[in-house]
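There are two complexes below, and they share subunit A, which is joined by subunit B in the first and by subunit C in the second.
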Partner chain A sequence: MKNLKLSAVVVALILFAGFNANAQDGNTILKKLDEVMYSPKDMTGNTEIILIDKAGKKKTRKATTIQKGTDKRLFRFTAPSSQAGIATLSLPNDVMYLYMPAFGKERRISSSVKSSKFAGTDFAYEDMEAKLFVKKYTANLLKKEGNLLVVELKPVSKKSSYLKIIAKLDKTNYYPTYMEFYDKGNKKIKTATYKFEKIGKYWNAKEITMVDLKKNHKTIMKMSGIKYDTGLTDNDFTVRKLKQ
Partner chain B sequence: MKQINIILAIFLLLIISINTTNAQEEDNKVKLSGELLTDQQFLLDAPNDWAWNENRLTLKFDKKITGNSKFYSEVWLRNFGLPNINSSTDLYNKGILDPYNMEVREAYVQLYGFLSEKLDIKIGRQRIVWGTADKLNPTDNLNPYDLENILDFGRHRGSDAISFDYYFNSEFSLQGAFIPFFQPANMPVGIFANALNPVMKLPEGMTLMGLADQINMPKYNLGESSTAGMKFKGFAAGFDFSLSYLWGRDGMPIATYNKFTPVDEIGGININTNLDFYRTHIIGADLAGSIGGIGVWAEAAAFLPDNEINMTTDLSAIYPVGTPIEMTMIDTTVLKKETYVKFILGADYNFSDGSYLNFQYMHGFVNERGTDNLNDYFFIRFEKKFFEDKLKIAPIGGGFIVSNWDDVSNNYALIYVPEISYMATDNAEVILSTAIFDGKGENIFANLSEYNMFMFKLKYSF
Partner chain C sequence: MEKFAKVIVKFKWLIIVAVIGLTIFFGLQLKTLTINSDVLSSLPDDDPVAKLYKDIGKKYGGNDMGMVVLETKNVFTLETLEHIKQITDSLKITEGISTVSSLTDIIDIKDVDGGIEIGKLVDEYELPQTKSQLDSLKNYVFSKDMYKGSIVSEDGTATLVMFTLLEDADKQAVAKDVKAKVKVMNLPEKLYFGGMPMMMDDISDLIMADLIWLLPVVFFLIAFILFLSFKSARGVIMPLLTAGISVIWTLGIMVLAGYELTMISNNIPIILLAVGSAYTIHVINSINLSDEKDRKKAVVKALGYIIVPVILSAVTTAIGFVSFVFGAYLTMIRDFGIFTSIGTLIALLLSIFFIPSVISGFSMYKKNVDNETKQETENKGFIANKLLQPLVNLLFKHPKYTLITWGALLLLSIGGMFLITTSVNMQEYFKEDNPTRVSEDIMQTKFGGSQPVFVAFNGNMQSPEVLKMMTKTQEYMEQSPDISTTQSVADLVQEMNDVMGEGKKIPEEQDKIEQLWFLLDGQDIMPQLVSDELDEGIVQARFESADSKAMSDFVIYMDKFVKENSSETCKIKVTGMPSVYVRMNESLLQSQFSSLLIAILLVLFIVGLILKSPSKGIYATIPIISTIAILFGFMGYAGISLDIATVLVASIALGIGIDYSIHIITGFNFHLKETGDVQKALEHTIMTSGKAIIINVVSVASGFLVLLFSQMVPLQNFGMLVALSMIGSGLGALTLLPVALILANRKKKITVK
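Entry: the complex of A and B
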């Protein structure tokens, strides 16, 4: 009996140590992922968003994006005409503004919007949030699969609409290649496939394909004309700029 | 008419020149965008009279002059209203057969970093939007109200103005505006024409046979006619806020003199009215933020008339000569020189399934003045999107108005405006809705209870 107890303790210690090691590995991986995703000081670029419904019908939207650090982003639609000029400004501490040219004024967006879809795409505002992975998730390394690391991400915020995300990261460069999103009922609801390219010294997600499994709807987000470290300042991420 | 045709021709030339410019200077081109709107409304009750007929072409011209300046203009070209044909000669007049008009809504030049890096200025016809609430903004008083369509809440015209924004930093700024010439609000038209007119109570035995009025416009000099405003904006503790002050004139006229003239011997009278636009100070405050995921906002404006407004009722033509003046010239105070406050509180929430809820409580509509005359308005809208956001249904939309809490059953109004909109293409939206009114007592929406209507809109953006 005593031996059994001792064995149980040993097994528990091994499991705990293993869990800790995986968690530690996971968090180390997240930090490396953040280094890949957010190492540029700033970024400017054009975004093409292609929406494909289950019948294969396509719609295209275009936008310009500028971003500084991990928490400042200005996103402005340029097409289609019905949306041209609509812009969002994301600032630290969940502050987000929407500018609608038709109303001529900016408007604060409530944080409840974060769980809703971003501009009719399959991305939630939450997915688009430029926030460090280590701050958004806790991570656990599940396994290694060839040249990929399979990591389980659990949102820190209870407001997240996800229970977990299973991410596959390139083992060498730590950029994501594939993600699966699970709802609170542990049901897989979305997948994202990433194509990365290196521009200068930074890795850039040149194409992300998000698939809504329930609706069989797909969004392809393509980035082009990317420029890094052009010297954007905090003044480029103000309501003043949003309205220009 | 000839003048309008010339203006239209100039616009066509401008559009052609824009295309030329496109080819020549791709980087510095004039951007032309706009919208085509068809707005048709007719009454639900037989024989289903047309209530509104509007075909509007909105043209927007946007040009960066340099990296730090731009030109912007918005013009409406409209077929508006129904033809008023009374004689055969009208058949020779295309302007009567097919009424159209043109409006320059905005046309300004904006200079960023003017004199100082922190200063932006804007000169020309412009819309200066104040307030954080949704469409209904008691602090938004710089531009004249455009009340043409009473259901299009919050619509204003542009003013010929100079305005500036000085940015202390990314969170605090000061805005100033100066409008040299006063422009009154334009009143509702069509079936809404009398919606804002106050109910006239005549002494017993009198019947109104005719009504004429005369507007006393302020003199066109800076002292009489100008409007000025300042606003300090900031961000603190997670909330945007602003404090504002405006010195101007109320854009809706108020009666100051009524002359009663008998026209027969059985009590028929004509009334001649003088109307004035009174000076007022308006102190405003607003804030907007998010609490627990719910978007919240509040906005208030304190109105202080420059002077007490009295209305003289002249009955001298009714009473025999020699009647004491106390009986023939009766003064009534229609607006005291004391502060009254209009305000609005609102909240909205985005649900994860794509539905959206918006609620607002407002005290005091645009035409209401004086503490005792402000009614309470509760507005709500719930909408949900379907089929990849192509279809939007708002089954709950409208408001509840109370004009006397002591007797609600006889002093209320209900507005129910459900709406369905469908994005036929990326740029074409079809909107179907109805407006059902019910109510009793003295409030503008109760007065519309005979005008339940069906509305159809088509918007095409380009």
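Entry: the complex of A and C
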């Protein structure tokens, strides 16, 4: 009986060691991924959000975006006209300010609900969360597939609605090309497809397509007119700026 | 008629092959026979209220919602919260389920100074542990209208885990999956399942249960009665064969015509077995009685004699079934009437074409004179000596006693008729221990009813006027004693306006509403409240009472509001179960009246036509109309209400019960011609036809009595009442009718003199 227990421990140790080796690999990859995603000091550009329902009907929203570092971001909507001028300012620690021109004032909205959808898109708040990958996930290199690395990401926070994410990364440049999101029943519920282009010295996700497999609903997020490192300061991410 | 019979015998092989071929053909169709357990689909499209109700259920996904109810002493304990979470988590990853919300997983919006905080009501990863934590959760839940009475019952003993199904999910599979998963957990709380998908799963189980359990029972019961009556294999096999084949054809035709099996039409096979075997019994009986040695000649002669009465008897029965087609509110009742009547006609065709062909084709006609006559006399002996002879004596000695007895019964019954109530509440259609009824009951007592009420608004959903009208409507509705909470997009707009710091009200400016929509767009609840194009929205509410007076009051109350407030820019329409029930109730009485009238007139016409005398037609209906009057009286005294099934009894009883009178009248005519003496003719008629009538009453009545074991309460009552009517109309034909004939002929003699 004792022996059995002992051997179980040994097996576990071996497994753990093996697992760990892969995890090491994985985490190195995550760091590289973070370098690609978050190395610009700041970014300015236009975002176009296209929502496509299962009948193929499209709704389009447009916004200008500025971002500094990993955790400061300001969206200002320009279309549709009824929502033009609505702006959101995301600051660290899950704090967001919402500005509506028709009301002429802002409100602070703090949300701890990660799984809810971001403004009607197929992106959840946790997908949009501009937090370093190394902080959000532990990674495990599963295999190499031609030009791609297949990595399994497991959320660190137990509040995540995902069990795991299977990501495919470009082997040489480490940007993601494809991700599969699994719910806690290990069922694939969403997929994201990325198109990257190099602008200056940085890689930019010029188009992300997120598909909700359950609802057969799709969100395409397109970025254009991207400029990096234009010298944005914390002053550009204040409530006063939000209201302008 | 003999010519016709000769043709049948001549083409016997063709007929046999055709019947076998058709039976195989229709039998193959049965593979695709599907069950329709969606009660709502039976609401008629030509009633705007019912149509709107169905449309809203589909459009706003109300039919795709299910719930698990947990009942315990106190919901606010760590153990129960853990169980709620366990169910919630398990449902979340169930195939076909879109969203789940429960006490442990529901978004909570709190006002904090300078802003709002969006979080979960309960942190599912750190459930409240201590008594003070649990108490403060309880106090908070009961302080908010959106939780109190909707996710936790007001007494804190029951809570809901609600889930929505994906539009294209296999609802029944999801329902089964949910039940199985929750049952495996073996939780100490009492668990119930509610909502359309769960209910449909129950109903389809129940449809199958009736088929699987009742059909063999009826089959063996009728086989047993046939055996007692005929004491021969042929006498058992042939009638059952006809009934069986007519069941296969009828169901086959149903499939081909695109119909599905409902919780009413699943009883067609049972009824066809009870009713459809009778025609073959007559045919075989007639052949048995033949004294021809040659089987072909015997068949031809017997057929020639029996064809007319058998056709008459089947056609009147079919009329009984088809008469409520014109008045029935629910389409499943209409379908049931149509196909039962088709099945009856099929059974008729088989008994006059197929059965003689088989008998003459397969040398089944063995005139074993010794044996059969012995049995015949034995049978005759028992029923004749113990029942019919005393009856005849009584009738002739004291004709007035019979009249007085019937008269007294009729008077009593007229009193009872005023006590008849109607019941349209579908809840009461299920037996008290049926899971659907139990969970409906728990919804009723703990969560203020489960009968949806919808008010639809056609107009621009972002216009302040329309939204304000919705709010006004909701306030008006909540003044009704049976509505406690209402829900609409106007509530959400008010909430969001509050989020923006301008209070819980609809903004005056449209652009503010349009911007608030930014916060609402894409939320799971939105498709349940407004249309995609934002040109229609609904107010949802639940009606708490199951009382029909309360419902009709509410319908009148709402109609008044709609009349005063509906406009071109904001059209208002009301629907919901109370409205549907009120319509159903109106139609129930109307259909009882019209179907009975149609049946009586048609039967009078056909009987009069075939007997070539309108007055005989009227005589023939005396016993059955008296029986129906007594039936209604009985229903009144026994507290059996008029419902979707019992409303059919009178017409069906008329259709089947008229046969007995027809037998007596034709027999009486025949023997009167022979003897010229009324008394002798009657005695002879009762002694010969009496036996056939008693056998028929027993077999049909016991067939219908099997429905007492049905899962559906209306069908239980239906079976009992039809059986009762059979006994009544049989007795009527054997007592009241002869007395009427005696008296009528006495009068005639007087006038002749």
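Going forward, the second predicted complex is superposed on the first by the 227 of 244 C-alpha atoms of A that agree within 3 Å, B and C clash if a C-alpha of one lies under 4 Å from a C-alpha of the other, contacts with A are read in each partner's own complex, and residues count from 1 in each chain.
In the analysis below, a contact is a pair of C-beta atoms (placed from the backbone, for glycine too) under 8 Å apart; a residue touches a chain by one contact, two chains touch by 3 or more.
Every value quoted in this text rests on a predicted model; they were computed, and no experiment measured them.
Subunit B and subunit C, once both complexes are superposed via subunit A, clash. By the touch criterion defined above, A:214 lies against subunit C but remains apart from subunit B after alignment on the C-alpha atoms of chain A.
Of the two partner chains placed by superposition, subunit B and subunit C are both touched by A:117. Of the two partner chains placed by the overlay, only subunit B lies in contact with A:234; subunit C stays clear of it. Of the two partner chains, subunit C is the only one touched by A:158; subunit B is not. Contacts of A:100 after superposition on the shared chain: subunit C is touched, whereas subunit B is not. In the superposed model, A:86 makes contact with subunit C only, not with subunit B.
By the touch criterion defined above, A:108 lies against subunit B and subunit C together after alignment on the C-alpha atoms of chain A.
After overlaying the two complexes on the shared chain, residue contacts for A:185 are found with subunit C alone; subunit B is out of touch. Stretch 458-466 is the one of subunit C that runs into subunit B, the other listed stretches 206-214, 314-322, 368-376 or 458-466 having no clashing C-alpha atoms. In the superposition on the C-alpha atoms of chain A, the part of subunit A touched by subunit B in one complex and by subunit C in the other spans residues 51, 53, 82-83, 103, 105, 107-113, 116-117, 120, 159, 215. Interface residues of subunit C, counted against subunit A in their complex, comprise 89, 92-95, 98, 107, 112, 114-120, 125, 166, 499-502, 509, 511-512, 514-519, 521-523, 532.
For subunit B in complex with subunit A, the residues that touch the partner chain are 33, 70, 112, 120, 127, 129, 131-132, 165, 167, 170, 173, 238, 240, 288-290, 293-297, 348-352, 354, 388-389, 423, 426-427, 429, 459, 461-462.
Interface of subunit A with subunit C (complex): residues 51, 53, 57, 77, 82-83, 86, 98, 100-103, 105, 107-113, 116-117, 119-121, 158-159, 183-187, 214-215. Contacts from subunit A toward subunit B in the complex involve residues 51, 53, 59, 61, 80-84, 93-95, 103-105, 107-113, 115-117, 120, 159, 161, 215, 217, 234-235, 237-240, 244.
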